[in-house]
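Naming follows writing order (A, B, C, D, E and F), and every chain is counted from residue 1.
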Amino acid sequence: MDIKSIIFVILALIFAPVAGGFLAGIDRRLTAWCQGRFGPPILQPFYDVFKLLGKDRQVVNTWQIFCAHIYLISSMLSLALFAMQSDLLMIFFVMTIGAVFMVIGALSTPSPYSQIGAQRELIQMLTYEPLLVIVFVGIYFVTGSFKISDIVAYDRPIFLILPLLYLVLTFALTIKLRKSPFDISACHHGHQEIVRGVLTEYSGPYLAILEIAHWYDIVLILAICSLFWTTSAIGMFFLLAITYLAEIVIDNITPRLTWKWMLTYVWAVGITLSLFNMALLYAKSF
Amino acid sequence: MGFFTKLLETSRVKSPWIVHFDCGSCNGCDIEILACLTPIYDVERFGILNIGNPKHADILIVSGTVNHRNAKVLRNVYDQMPEPRAVIAIGACGTSGGIFREAYNVVGGVDKVIPVDVYVPGCPAKPEAIIDGVVLALGKLKEQRTAKDTDSLAAELHQAREFYANRADRQVVE
Amino acid sequence: MVSQMVWVSIVLPFLAAIGCLIDSKPLRSILVVGTGVAVSLASLLLVQGQAFSLNPETIFGIPADGLIAVLDFALLFVILGISYQLKNKLIAVLTVLQIIPLAFLELFLHGAENTAPSIYGDQLSMIMSLIISIIGSLICIYGLSYMEEHEHHLHVEKSRQGRFFFFMVLFLGAMNGLVFANNLLWLYFFWEVTTLCSFMLIKHDGTDIAVANATRALWMNMLGGVAFILGLVILRAKGLPLALQELISTPGVASLALLPVGLLCFAGFTKSAQVPFQSWLCGAMVAPTPVSALLHSSTMVKAGVYLVIRLAPAFAGTLFSHYVALFGAFTFLTTALLAISQSNGKKILAYSTISNLGMIIACAGINTPAAMAAAILLIVFHAISKGLMFLCVGTIEQRIGSRDIEDMRGLIRIMPRTAMIAVIGMVTMFLPPFGALLSKWMAVEASARLPLVVLMLAIGSAFTMVFWGRWLGLVMTSVMGEAQEPEEQSPLVRVPLVILAAAAIVVSFVAPGLYSAMVLPVLERFYSTDLYIAAQGVFINNIGMFAVFPIFLVMVLGVAWAARASSGKRVHQRAYSTPYVAGLQDPANPQRIGFKGPLGQWANFTTSNYYMDAWIGEGRISGWINLISSGILIILLTGVL
Amino acid sequence: MALETKNIAKTQLQAEVASLKAVGYRFVTLSCVDLGDSFDLIYHFDRELQMTHLRITVLKGDTVPSISNIYFAALCIENEIKDFFGISFDGLILDFGGHFYLEEEVKRYPFCKVSVKEPQAAKEGN
Amino acid sequence: MFDMTRTIIANFFSKAHTRLYPLQTREPFPNVRGNLFNNIEECILCGMCQKRCPSQCITVDKESQTWQVDPYACVYCGVCVEHCPVHCLFMESPYRKPAAEKVMNRLVQVQGPAKKTKGAAQ
Amino acid sequence: MSTIIPFGPQHPVLPEPLHLKITLKDEIVTDAIPMLGYVHRGLETLVSIKDLDQMVQVVERVCGICSCIHAHTYCMCVEGILGIEIPKRAEFLRIIWSELHRMHSHLLWLGLLADAFGMESLFMHCWRIRERVMDVMEATAGNRVIISINKVGGVRRDLSPDQLRWIAQVLDELERELDAIKPVLTNDYTVKKRTVGVGVLTKEQAYELGAVGPTLRGSGVAQDVRMTGYGAYKFIDFEPVVEKDGDSYARTMVRFRELYQAIDIVRQLIRKLPDGELSVKVKAAKPEGEIVCRSEQPRGELLYYVKGNGSKFLERVRIRTPTFANVPPLLAMLPGIEMADVPVVALSIDPCISCTER
C-alpha cells in the first residue's frame, strides 16, 4: 500500500457520500419530472441528513445504535477496499457485514413492522447476493482475476463481452437502491404496508447514519458497474448515466411487487441470463 | 460552531417531514393534504415528505375532530415524535371541532389533547392554506426544544373528557 | 518425544476411558480434565515439529498389526451383537458384509509386504489432532457439568455418566488414532470405533427416538464401513499398498485405483453425513448436547472430510473430482436451504454443519491448492465456531427449556453472557473477517472455473446468511432499560465457552500465520502453482486477495466506536421510545410491548421468522434432495468403475 | 309518504329472514328508532332493487335474536345498535360488547332519549 | 411492463404541472366561499345568521352590538350569507390564512344602520 | 409461529384510521379482526339540535369525498316526506355535481390504489388529472371538496352556459388523460401481477355478505341503484359497469370504466339540461312520517332512513353508507392473501371509514 492508494482511499471516503447525496438529489428531481412535478432541490438529501443529525435521539434499544454504526463502518471499509483496488469478492463479503447488521438492528427491536422488514431485507439479500457473486465470477472469466487492479487493466470494455451479466448486475443495483419493483423491505417515501420496514424504528441521527451508509453502498455498486467500461472515462460515464436513468424509469413504471415474485423472477431471469452469457463466452472461446 | 448551528437551522427549515394523522375527519381535509403532495402543488419542492412514521417526522398534521378513542392514539403518535416537532391542526374540525362540536363522541379540537402550533381553518382547508400552515410551522422547528412538559395538558384533557362524559344534552334517567 | 506425544494422544484416552467407568464423580472429573489437558498439551507439542512417521512393531508387547486385526474383529462382533439386540437385520447384514471381506483380506490376500509406516503425521494430521484434542476436550469438560444438570433434569436414578464419559473420551482417542494412522487397516479400526462410539452416545438417553436415531446412524455408517473395507480389498487385490501416504503419492494412482479411492470417499461421505445420508446427523440431535457438539465440531463428521481431503490428490484432475465437487456443492446448497426451514436451534446447527462439510468436500473435489487451503481452514474454523455454538445452545436449552430459536427471542436480557458468546459464535460462522468466511471466499474463487459449482456455492452462501442473520438478530430483541437478570454460569461451563469464543476470534486473526505454518507445507507436497501467499496478514495469489489484518483492524476499531456510541453513558434513558405500533402502545407502561387491539384486548408483541414450510419444508423437499443427490452419487460411483 | 313495512313478532324474525334469504333477498341494513319505552327495529332487504322492510318492536331491556348467523353482514350493524341503543342480540357471532365504536369514557347508549334501567350484568360490570 | 413509459417520458419532457404556489398565486375563482366578513355598519344584528349557521360559529350580541364569528369553527357553507336579510354578510374569495393563535373575528358596531331600518319600518 | 401486525389506525398506507389486527404466518394473512370507532363522531344524534336545513350541512360532512351525494340523498328523503317536487333543472344540476364527485372520487381512489402497490407515478398522474375536476368544482360550486350545493327543495347555485362549455372541455381533456393510463391498468404485467387474482370475492359471496357498489359489480352482479331512476337518472341512458372475476383487478376495472361512464353521463346531462327554476320554496317545513331513500355513491349503495316527528327537528336520520356494507366482504377477502396485498385488497373496496362510522 503506497501513498497514492492511501490518498485515493481518503478521497473516496470523503467524496462518496457527497456523490451519493447528489445522486440521490438528482434522482429525486428526475423522478419528480417523470411524475410531472417540479421536484425538490438537488441538495435536498443533504438537508434531510443534516436535519436528522440534529434531531433528538430516540431508540428502542442500544443495539440499534451499534448496528447502525457497524453498517456505516463496513460500507466505508468496502468502499475503501475498492479504492485500494483489492479483491471484488472480498469487498462484496465486507459489504455483507453492513447489510447483515442492518437486519440485526431491525430484528433487535420488538416492533412487528421492523421485524417483517428485516425478514424481507434478508430475502432481498438472498436474492441479490448470488447474482453479484455470479457477476464477479463472470468478470473473472473474462479478465482472469478478481482483483480490481487487473480488471481495470483489461484492455476491452467488459460490457461488450458480458452485456447480459451487466443486466443481472442492474437487478442487484435496483434492489440495493430500494427502487420499484424491489422496494420491498423499505422504500424511500414510506407509503408501504410495513411503514418503512427495516428503517421503521430508526430515527434522528441513527437514520442519518443509515442514509449515509446507504450512499456509500450506492456509490460502491455504481463503482462496480463502472468496471464494465474501464477503457474510457466517457464510456464509463455514459454507461452509468444510462443505467441510472433506466433505474429511475423502471422505478416509475412499476409497482412494488411481492418478495415471492422477486425471489423467483430475479433468480430465474438472473441465472438464465448469466448462464446464457457464459455459454456465449464458451462458444466464442472455441 | 456558528456555521453548524446555521446549517442545522437551514436543514430543519428545508426538510420538514410530515406525518399525517386522520383523527376523525370527514376525509375532506385528508384528501387536501394528499393533494398537496401531488404535481399541482408538489410540496416536495420544500423538502416536505409525507413520511407516515412519527419516529421520522418533524411535523404532525392532524385533521378532524378528536374523539375519545383516537385521542389516545393521537397522544401516542405525538409522543413518538422526536424533538424538535410541530403540530398543525387542519380544518374546522381539527381546530375547534367544527360542525360536530356538539356530537356526543367529540372531545373537540386537536388542542384539547396535544399542543398545537398552527391552526389552519377551512372546511376543508385548501391545499394552499395547508402549505401556508406548514411554512408557518417551520418557524417552530427552527428552535431546538427539549421534551416539553406536557403534564398540564394531560390534566386538561382529563378535564375535557370528564366534561364531555357528563354533559347533559341527553336526559338519562335511571 | 514425538512418539510419546502420539501415544499420549491415542492411547491415553483409551485408558482414561476405562477409568471413567468407575462410578466416582471426582475421579471422573479428574480423569476427563486430566486427559483433556494431557492430549491438548501433546497435540500442541506435536505442532512444534515437522512431519514424522512411526512404525511401532508392538503395542504393550503385542504385535501391533495383529492386535489391531483382533480388535477389528472384536469390534465387528460387538456390532453384530448390537444388531441382534436391536433385531435389525440391515445392520447385521452390513456387519457381516464387513466381517467377510475383512477376514478375506487378513487371511487370504497377502499383497506386497507392508513396509510403510503405520503412523504418519504431517501438518494436516496435526491440525486435526489439535482440533480433536483441544475442542474435543473442552466439550468433554463442559459435559461434566452439563450431564449433572441433564441427569438431574431427567430424574435419572442411577447415574449413567460413567458409560457416557467412557465413550466420550474413547472418541477422542479413536479420532486421534484415525488422523495419525497411515496404515489403512488401522484407520479402518479407528473408523469403526468412532461409528460404535457415536451409536452408543446417540442412544445414551435410551428413549425410543434416541434408539431409533442411533440405529439409523449405525446402519448408515456401517454402509460406509462396507465401502471402506471393500475399497481396501480392491486396493490389496490390485497390489497397491494399504497405506495412505504411499497411496496418494504413487504416480498414476488416479487411473489405477480410482475405484477403491471412490469407495473410500463414499465412506467419507457417509461419515460426514452428506446428502442423502444427512438424516443420521440430524437424528443425532436427540443426544445430550455435548455429544452433538463432539460429533459436529471436532470428531466423527470431520473424520469423513479428513479422509476425502487426504485422498484428494489421488483423484486430482479426474472427472470423478468434478463430480465430488458437484456433490459437495449440492450438499452445501440443499442443507443450507433446509436450515432455513428449521426453527429448532440444534437442527439449524446440524444442517449448517452438513452444509459446511459439503463445502469442504466440494473444495476437495475442486482440487486446486486454493480449494484445498479453503477446505483445511474451514475444518479448523468450523470446528471452533460450531463447537462453541453447540455448547451455547446446550446452555441456553438448560436455562430456557427449549431449543426453538423462536423461544430465544430476547435472550440477551435473560442470559446476557451466554447470548453474547452465542452471538460471537454466529458472527464467526458467516461474516468476514472471520475464518469461516475466509474459507468460503477461497472456495468461491477456487470454484470460479466450474460454473455449476460456483452457482451452488453462491446461492448456498446466501442461504447461510439468511438463517444465521435472523437467529443473530432475534437473540438481541429487547427494549432499552428492561431489567436484565444476572446470569450464573458454572466455571465448567464458562471456561470452555470463553476459551472457544476467544479461539474463534484469535484463530481467525492469526489465519494467515496458521496458513503459512500449517497448511502451506501440506499443499506444497502436491501442488506447486496458484498457492496463496499469506504475507503481512493478506492472502494473495494471482487471481485474488483477502486482507485479513486490515479488515480486522478496521472492524475492531469500528466495533469499539460503535460500542462506545451505544454504551449506556452515551445514550440517556430518556432516549427510549416504544416501538411503533400504529399509535396503539400503552403510554402508561412503556416497557409493555404490544398494542391495544380490537375488543379492547391487549395484544402482546408476537412475531416469527419466515420458515416457508409450504415451499421448503423439510418433509417437502428432503425426498427430492435425497433423490437428486443419490443420482449424483450413483453417477459418481459408476464413473469410477 | 309512508314506509311500507311488514310488522312481525320478535319470535318470527329468524324464520322470516331465513325465508327472505331463500328467495334471494340481500340484507341491506337495520334501522333502529327509540320510541320512548320501546325500540322500532326495521330490517331492510333488497332483491334486484326492490326493497322490502320488516319491522319488529321490542321493549327496552329486551333482547333480540341476532340474524348474523343467517346474514354475516348483519354483524356490524347489530354491534352498532348494541353500542347506540343498548339492545342485546342473542347469538351475535362476534360481540364487541358495546365497544364497537365507543370508549369507556362515553356515556352508555347515546342514542337513547330515555334509557331505562341498564341490564343488571352491565351495571355490575361498571 | 412498460405501459407507463410513454406517460413518464411525456411528463419528463414537458413543463412541470406544478403551480409554484407561494411564488406564483393563482387568481381565486369568483364566487368561491372564502373568508367570511360582515359589513358591520350595515348589520341589523337580527341574529338570523346565528340561527341559521349549522356550525353555531356566529354569535350576535345586541347588548354590546357585536357580531362575532369563530373562523376556526366556520365550515364555509355560505348559509348565513344566503339568509342575511340585509345582505351585509359576504364571503371573500381568498381563504383564511393559518395562524398560530386562534383569533376570533369580532366586530363591534359603532354606528349601525339600526336607526335607518327602524325609520324605514315606521 | 405467527406475527401479529397492528394495521392502523395511524398508518402511512391507510389515510384513514381503521385498525386491523392481522395475524400472519410467513406473510400469509391467517386472521384479521377489525376495530372501528376512531372516526366515530355520532353525528346522527345531531338531529336533535340542528334543524332539517342545518342537517344538510351536517350530512355533507359525513364524508368529504362523496358529500354531494349524501346531501342529495338526505334532501330526497326530506322532500319525499314533505311531498315536494323539485324543479327538473335542479335535479339535473344535482346529478351533474354528483357525477363530478364520482369522477374525483374514483380518480382519487385510483391514485391511492397506485400508492398502495407502490407506483408513485400513477398516483401522481391520477391526482394531477383529478385536480381538473376539483377546479371545476371550485369554480362552479365555490369550494373544492365539500361543495354545499344541495338544499331542501333544490340547489343553491346554477351553472351558466359558459361553465357548461368549460365542463365539457374539461371532460374531453379528462378522457384524453384517462386514455393515457388505460394500458397501464388494463395491460401492464406488473400492475396485473398485483391485482389479478388478489382478494377474490365470488358472486355468491358478494351477494351473501351484502357487498355494494363496485365491489358487488366487480363480482358480476349488475346492481346499480342509479337504475332505479332517482333524480335525473331516469332521463339518462347508461348501463351498469360489470366485471366478472371478483378480484381486485375487476374492481379496479369497474371503477376505471365508471370514470368513462360518468363522463358520458355528464355529457348527456349537459346536453339535456332543461331550463327552469333552481329550487322551490320550502316554508317552515315540519315533516312527519318515515322514508327510506337510496342512491349510488362512488362506493356503492347509500341508504338513508329518515323519520320526522312533526317538528322542524327530525326524529331520526339513519345513514347506511356503502363502506359499512363492504366491511364484511373485506373481512372475508383478507384471510389467505399476502401481507403485501392487504393494502391493495383493503383499498379495492374503496373504504371510507368516516362514512362508515359517521
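Convention: a residue touches a chain if its C-beta (ideal position, glycine included) is under 8 Å from a C-beta of that chain, and two chains touch if they have at least 3 such contacts.
Keep in mind it's a predicted model, so treat the numbers as computed, not measured.
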item: Intersection of contact partners for chain C and chain D; value: B, F
item: Number of steps on the shortest touching-chain route linking chain A and chain D; value: 2
item: Per Cα centroids, the chain farthest from chain D; value: C
item: Between C-F and B-E, the pair with more C-beta contacts; value: B-E
item: Per-chain Cα centre nearest the global Cα centre, belonging to chain; value: A
item: From chain F, the most remote chain by mean C-alpha position; value: C
item: Inter-chain centre distance, chain C versus chain E - centres from mean C-alpha coordinates, in Å; value: 80
item: Distance from chain F to chain D - Cα centre to Cα centre, in angstrom; value: 26
item: Centre-of-Cα separation between chain D and chain B, whole angstrom; value: 37
item: Junction residues of chain A - those touching two or more other chains; value: 32, 34-39, 56-58, 112-113, 115-116, 189-191, 195, 200-201, 203, 252-254
item: Of all residues in chain F, the ones touching two or more other chains; value: 3-4, 6-7, 9-13, 27, 33, 37, 40, 42, 45, 57-58, 61, 119, 121-122, 124-125, 128, 146, 188, 190-191
item: Residue list for chain D, restricted to those that touch at least two other chains; value: 99, 101-103, 110
item: Chain-to-chain touches, reported pairwise for every pair that qualifies; value: A-B, A-C, A-E, A-F, B-C, B-D, B-E, B-F, C-D, C-F, D-F, E-F
item: Contacting residues of chain F [partner chain D, same complex]; value: 33, 36-37, 40, 42, 44-45, 80-81, 83, 207-210, 223, 225, 227-228, 289-292, 294, 301, 303, 305, 307, 315-316, 318, 320, 324-325, 327-328, 332, 357
item: Partner chain E, residues of chain A touching it in the complex; value: 30, 32-39, 249, 252-254
item: Chain C contact footprint on chain B (complex, rising order); value: 21, 53-55, 72-77, 79-80, 82, 147
item: Touching residues on chain F, where the partner in the complex is chain E; value: 50, 53-58, 60-61, 119, 121-122, 125, 128, 135, 138-139, 142-143, 146, 148, 156-157, 180-181, 183-184, 187-191
item: Touch list for chain A against partner chain C, complex; value: 56-70, 73-74, 77, 80-81, 86-87, 89-90, 93-94, 96-97, 100, 103-116, 118-119, 122-123, 125-126, 129-130, 133-134, 137, 140-141, 144-147, 195, 200-201, 203, 271, 275, 278
